[in-house]
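Reviewing the structure listed below.
First chain written, first letter: the chains are A, B, C, D, E, F, G and H, and each begins at residue 1.
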Amino acid sequence: MAIKTIGKHCKGCGVCVTFCPKQVLGLDALGKITIVDESKCITCKQCEMRCPDYAIFVEKK
Amino acid sequence: MEKLIEKYYRPRLPHIWCPGCGNGIVTSSIIKAIDKLGLDQDKTVIVSGIGCSSRASGYLNFDTVHSLHGRALPVATGIKLADPELNVIVITGDGDGTAIGGNHFIHTARRNINLTVILFNNNIYGMTGGQYSPLTPTDSKATTAPYGTLERAFDIAELAKAAGATYVARGTAFHANMLVDVIAKGISHDGFSLIEAVTQCPIYFGRQNKKGDASTMLKTQRDHAVTVEAAKKLSPEQLEGKFKIGVLHQSEAPEYTKQYQGIIDRAQKGAK
Amino acid sequence: MAKVLLLQGNQACAEGAIAAGVTFFAGYPITPSTEIAEIMAKRLPEVGGKFIQMEDEIAGIGAIVGASLTGKKVLTATSGPGFSLKQEFIGYATIAEVPIVIANVQRVGPSTGQPTAPAQGDMMQARWGTHGDHPVIALTPASVPECFTLTIKAYELSEKYRMPVLLMLDEIIGHMREKIEIPDYDTIEKPVRKGPRVGPSEFKAYEPDSDGVPPMADFGTGYRYHVTGLVHDETGFPNGSAAATEKLLKRLHDKVERDIDKITMYEEYKLDDAEIAIVTYGGTARSAYAAIDMAREEGIKVGMFRLISVWPFPEKEIAQLAEKVKVIVVPELNYGQMVGEVKKAAEGKVPVKPMSKYDSEPISPKELLAFVKNL
Amino acid sequence: MIEMRLSGSGGQGLILAGIILAEAALLDGKMAIQSQSYGPEARGGASKSEVIISEKAIHYPKVTNPNLVLAMTQEAVDKYSKDLPADGILMIDTTFVKSVPEHLKNVYHLPITEKVTAELGKALFANIVALGAIVATTKAVSVESITTAILHRVPKGTEDINKRALELGIALAAK
Amino acid sequence: MEKLIEKYYRPRLPHIWCPGCGNGIVTSSIIKAIDKLGLDQDKTVIVSGIGCSSRASGYLNFDTVHSLHGRALPVATGIKLADPELNVIVITGDGDGTAIGGNHFIHTARRNINLTVILFNNNIYGMTGGQYSPLTPTDSKATTAPYGTLERAFDIAELAKAAGATYVARGTAFHANMLVDVIAKGISHDGFSLIEAVTQCPIYFGRQNKKGDASTMLKTQRDHAVTVEAAKKLSPEQLEGKFKIGVLHQSEAPEYTKQYQGIIDRAQKGAK
Amino acid sequence: MAKVLLLQGNQACAEGAIAAGVTFFAGYPITPSTEIAEIMAKRLPEVGGKFIQMEDEIAGIGAIVGASLTGKKVLTATSGPGFSLKQEFIGYATIAEVPIVIANVQRVGPSTGQPTAPAQGDMMQARWGTHGDHPVIALTPASVPECFTLTIKAYELSEKYRMPVLLMLDEIIGHMREKIEIPDYDTIEKPVRKGPRVGPSEFKAYEPDSDGVPPMADFGTGYRYHVTGLVHDETGFPNGSAAATEKLLKRLHDKVERDIDKITMYEEYKLDDAEIAIVTYGGTARSAYAAIDMAREEGIKVGMFRLISVWPFPEKEIAQLAEKVKVIVVPELNYGQMVGEVKKAAEGKVPVKPMSKYDSEPISPKELLAFVKNL
Amino acid sequence: MAIKTIGKHCKGCGVCVTFCPKQVLGLDALGKITIVDESKCITCKQCEMRCPDYAIFVEKK
Amino acid sequence: MIEMRLSGSGGQGLILAGIILAEAALLDGKMAIQSQSYGPEARGGASKSEVIISEKAIHYPKVTNPNLVLAMTQEAVDKYSKDLPADGILMIDTTFVKSVPEHLKNVYHLPITEKVTAELGKALFANIVALGAIVATTKAVSVESITTAILHRVPKGTEDINKRALELGIALAAK
């Protein structure tokens, strides 16, 4: 399992943070996506599915 | 998804849409549907009009046309009729597709020409900064409706059906996977297909109407959408304030470009 | 085998299109252009092409823009009110460099005007009808045979320069029937669109050759390019920088202007020793031939410079003409349109006299003769 | 150069007649131009079809000095015979035309519609009868060419009756 | 009727329509409806587009506008909204109203603005000489369809309803008295009313499609029309090939120009 | 009481309309004109007027034509693409003589072009955009206060001559904010439409007064007249005879041409002793003031003839100017449009130099100064 | 009872003739409306109602 | 004449700030012109608002010789400070801007957003803080007028917090 984020694409809308069922994600001081606790990720891909900016990808390994 | 982006998007990201805008989600649903069906990328054309949503065509790696405001459908009709082998997918907004483009919408539906139209419904004109559209709910605020809108919104699915569309579906940015599914079905359908994709414009529709941020607007989609199947079991009262998602209408009718071959045959027999 | 026929100008225009290899027509009926649509409706399926009557004129031109992108040669036909409606898309085809041909059979305007009567009142609209800066190519036939040949020529130019070409007929020419010798279409060279010489990976959709014109790939052949009405750069993607904007707009104009000598077409009729030059075009030229013949019999030295290509306007030729003759007369079926261009080109070197008729009747040779004699 | 104007009301087939006449001229190896009036009036009201035939190139396509005006209705006479010179030919269908301008010297009063209805059962062929009369009177085109031109334009199965109509016209004018 | 002609027609008869054309019959039905309701002649405006049918406005003694092809409804909207006291009646053809004018049609219906639209449906473009329209039945001949039309016709009543019209009726030239009745009801209705008046163009639709002369075409109207009431008692098989006449749909919704007063009140309260 | 405000040109245009007594607006949003619609949406109900956003630009102008017939003063606003779509109706309002005002806030074209960048590329379209012969009145403000006053002027002219008047703004002027002193609207004289002086039975709807303009009755007041886009006679009913056609078209042109001196508005800036004349208008005039001030400091004798009314074009004044100066420079944000008119009027008497900029940026005073120094 | 016809308006379409239930009407040689037998008229006004040209009027007396 | 460019990203309220600045100048009895960049970029990407203040008439409305550039994002610095002369003022929000052009001598490094978030709890008032800093630095308008102009433009109920933001900005620049 790996979460990949692309800071350049992220616009900080917070959608992934909201819909992540496990509080894996957060926004940093500049308002960009940041991974708070990758270990909690259940690879449900809710974030990837709804990120409007293609800035987060989750791979099942 | 990352691979799909590599394959189907042009290397032009990030896109111009605002933070939280649903257009990115709907666009990726189209791509997933295309991928799912394994359409030949070289034989697939995407045509859009003008608007935030219509900018999608520029990011997608196909033959693409960013046409004029409201005019995606005539251009798409020309492409499809001239070369029926091409898969032609149309991306339009609620303003583009139902305000200035409303006439083309009903006539293209009437002809039942095999185009798949994905109408990004964000209930507002985004590109020009928040004026009301024919799909803005009554009593909404918009920059051209400071006292609230008077007009009733089209039920665009009903309108499409009455005009002759043979496939009509609705999805939302929230229900992105289901959206992929109804788009894929629409592409497979041999005739005019309309998919209304309910999406959020947090910047102009959201702010003016106090609908909250993108996440909140996505939750609203979640909470107000009822699948066609579930809706069957609900009473009119229970459906109050809800909208249906899924395949709303499907029927069979001769497809225009296929029928046209008959005309050619007739003419050429006559000519000989 | 060549055939001798009695055809209307509109018919000859439609047949010219078929001869040029047109396989797609989309339009909306309007007098006095409707015959073009009607003939295409019959003829296109016979040659395997497609005809579609759209919901309005905007959709008509929109559909031919789409069809052209698939590599087809395309036509739409209209008259004044429809021509006004098509203007926005003419600008689109210009900036997106989509070859299309539009026949406008002129009737009396403004507005609904007089649908069945002749005029030449859309000549300046042909140049300036759409918003923003743009080049224009427009041709005006003065006979039925010329309707045929100029239609073929329109495709040559449209395909070569990747832009809309306007066929500015008028009701006189569109509706009169005269003799035309039509060659076997197989003997006619079909205008060809310049395709890409590189593979899709190297292809830049709007990178021009040295002639200023980018090769054009057909949709569906793997080049996967983007077409937009926004200002764009060589990639075809939007780029609104000052540099990109200037470069694009300049190239669009330059590709035409650099070839203006090749594009310019005109006819000189008894002009060699003329002291009076009649500059005219289209249906009015028919009156001029006759009037000149009559005048010559009376010993008046008058000749005609007949505009065949009206846009780009042959400024240079008219400037030369202004050096040569004593007076220029510009008869037109309008309130005075091309006469302004003639004036501009003449730069005060010679008096330029409009002979404007806008009463819905053609100028008769006698009227024109009288005008010339009264100078 | 001969200039002719065929006029009447919308349904009388005069536009077709004009075309046939011009096509016959081409068959004769001459030049010809045909033009017509368009518009709502071409349906119900007065309508005209003009034909110019010449050995040489014809520049101006409209009739300015008519040699012949055919008028199949009263309205057509009133509207379209004004510029006919005193010695020009006015040919009228007496079925519908009751009065003609006094100054004209060369008026052919022909009971075209009456006759064609009586002899061929249908007013439909009045235009062909008129063509016969015109050809007989003016010799603008040869009888052979007009016959070929007519047969080329009329629906299959009506060739014979059209030929009879033509002959009827020629005979009428001969009287 | 003679008195009605005196009162409501301008002294410009005979009109330009062809022998047997149904436009004269439909026009007189409109006049009879106006007379029946006793509308103030000075406060009644007739707006038409361009086409044979749209020429009707010129013969009627009211304030009349012969506008542009397809554009009667926007002009009528401007008149009605600017002066809601006026009765605004729109005369349009099937081409004028549903081809080039289709967008205005659906949007005016959506707004539910109190206009009465009488759509003269002769299934063809008469004025330009017989091209097919969006209401030409499939497989018909037209000058632009020498091999027969491929396209399906709109069910214009369904389309109007789906777009938001609150009164939809159909009548025929044959059933001229009943037509008066449904037009009168439409004028009385407070909202957007559409009356489709089926009429004959013997010259262009009739001839090309071998429909016989005017009388025969009127008989066809007689034989194929079924009243809404009678239709209820018929089986789908019995209704095959028939069309319904009478009031097809009526509903209540706020009328636009009346609602607009609310906006003004709100704004003026705010402004003070 | 007069107020001092910081307003955008677009806002001043909307306020000018309100001040002139406009009570009806119909339109469709388009950058960079949208603010006009937005302000009218807010302001009109406050003054008891009506605003309606229509389904497209065609419907927008159609609705104001309708509203004008009821006696209201009306406005629509748009930009290039929408202006192209409105052309057919502009011709209708011209021939049917319906007073309307259209604001076109110009952006870079052709086609979608560059929606947010300034240009002056629709100047010739304003003259010739609709089919058929027609007169035009078009005004170009060069400041925010002038947006206000010229809008009021537009209504004066539109009501007086019963025709469309075009307000040709550009993005520079439309979107910049500057100081404006706005008088109390009650102190502003509202343009008045000339009504019938006879009762309905004697009224002929299109019978002109000696000024060539027929009095106009409001719908609903018992005059029961007919309005058509067909050629018509004094009764207003269609009449396509040669005489009626000529009479109508001539009158439509004459009513403007005879008053051209009254309609023409221009400003002379430091032109008295100028050897170099800059002829320009709108946003570009702002650069010219600045460039001229700079040039004058360097002792260069340059001045400006600023077009305020662009159409009808002040041919006479430019011809006089051509007699006076040594060279005329025409800076414009386009590929060269009004410069053609200047050339035509100058008739070769003086060199006329275009300074065309079409890269989506305004001409800076320095650029213009450099151009002038390089002459 | 009186039937009034206006020859100038009549275009001879024959509609009135077709729908008259009593064979009151006919067309003359020039194809214009003519009254064949007024006495049979039952003033049903079918002719007036459907005449597209306002060329026939029937009055009950 | 003083020419100022306020730049940053779409959501930072700089267009409003520019308008307020210009309105303050009018209150001071001066002339002022404000203009801005429009378009998609005004939403997400870099955006600018330009203000020119002068005692005399201002002809050309665009900034050509900036005296001050405020840049609230890195992209804004990169895009909009290019034409700033060496002695012009560059004012940056250090929260978002990390690097500045080397040749500039007059750079104000102000932690605008950081500070306003800390002190007033919301980044929302960063534009007003920036105004305070600009006014303090340039004296382009009087503190009185800028205060009036701000209060005139902000929503009812936020007057106090806006005043505090202004003071914060003045204080920041004073450091």
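FYI, a contact is a pair of C-beta atoms (placed from the backbone, for glycine too) under 8 Å apart; a residue touches a chain by one contact, two chains touch by 3 or more.
A quick note: this is a predicted structure, and the numbers were derived from the prediction, not measured.
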Labels of chains that are neighbours to subunit E and to subunit F: B, C
Most heavily contacting chain pair (counted by C-beta pairs in contact): C-F
Interchain centroid distance [CA atoms averaged], subunit D/subunit G, Å: 34
CA centroid of subunit D to CA centroid of subunit F, Å: 54
Separation of mean Cα positions, subunit E and subunit D [Å, integer]: 41
Residues within subunit D bordering two or more other chains: 39, 44
Contacts with 2+ other chains: residues of subunit B: 17-19, 50, 66, 68, 99-100, 102-103, 107, 127, 134, 147, 260, 263, 266-267, 270
Touching two or more other chains - residues of subunit G: 11
Subunit C contact footprint on subunit E (complex, rising order): 50, 66, 68-70, 99-100, 102, 125, 127-129, 131-132, 134, 143-147
Subunit B contact footprint on subunit E (complex, rising order): 99-100, 102-103, 106-107, 110-112, 134, 147-148, 150-155, 158-159, 161-164, 253-254, 256, 259-260, 262-263, 266-267, 270
Sites on subunit E touched by subunit G in the complex: 1-2, 5, 9, 13-15, 17-25, 28, 173-174, 176-177, 202, 213-215, 218-219
Subunit E-facing residues of subunit F, complex: 23-24, 26, 42, 45-46, 48, 50, 52, 54-56, 58-72, 74, 88-89, 92, 219-230, 237-238
Subunit A - residues contacting subunit B, complex: 4, 8-9, 11-15, 17-19, 48-55, 57
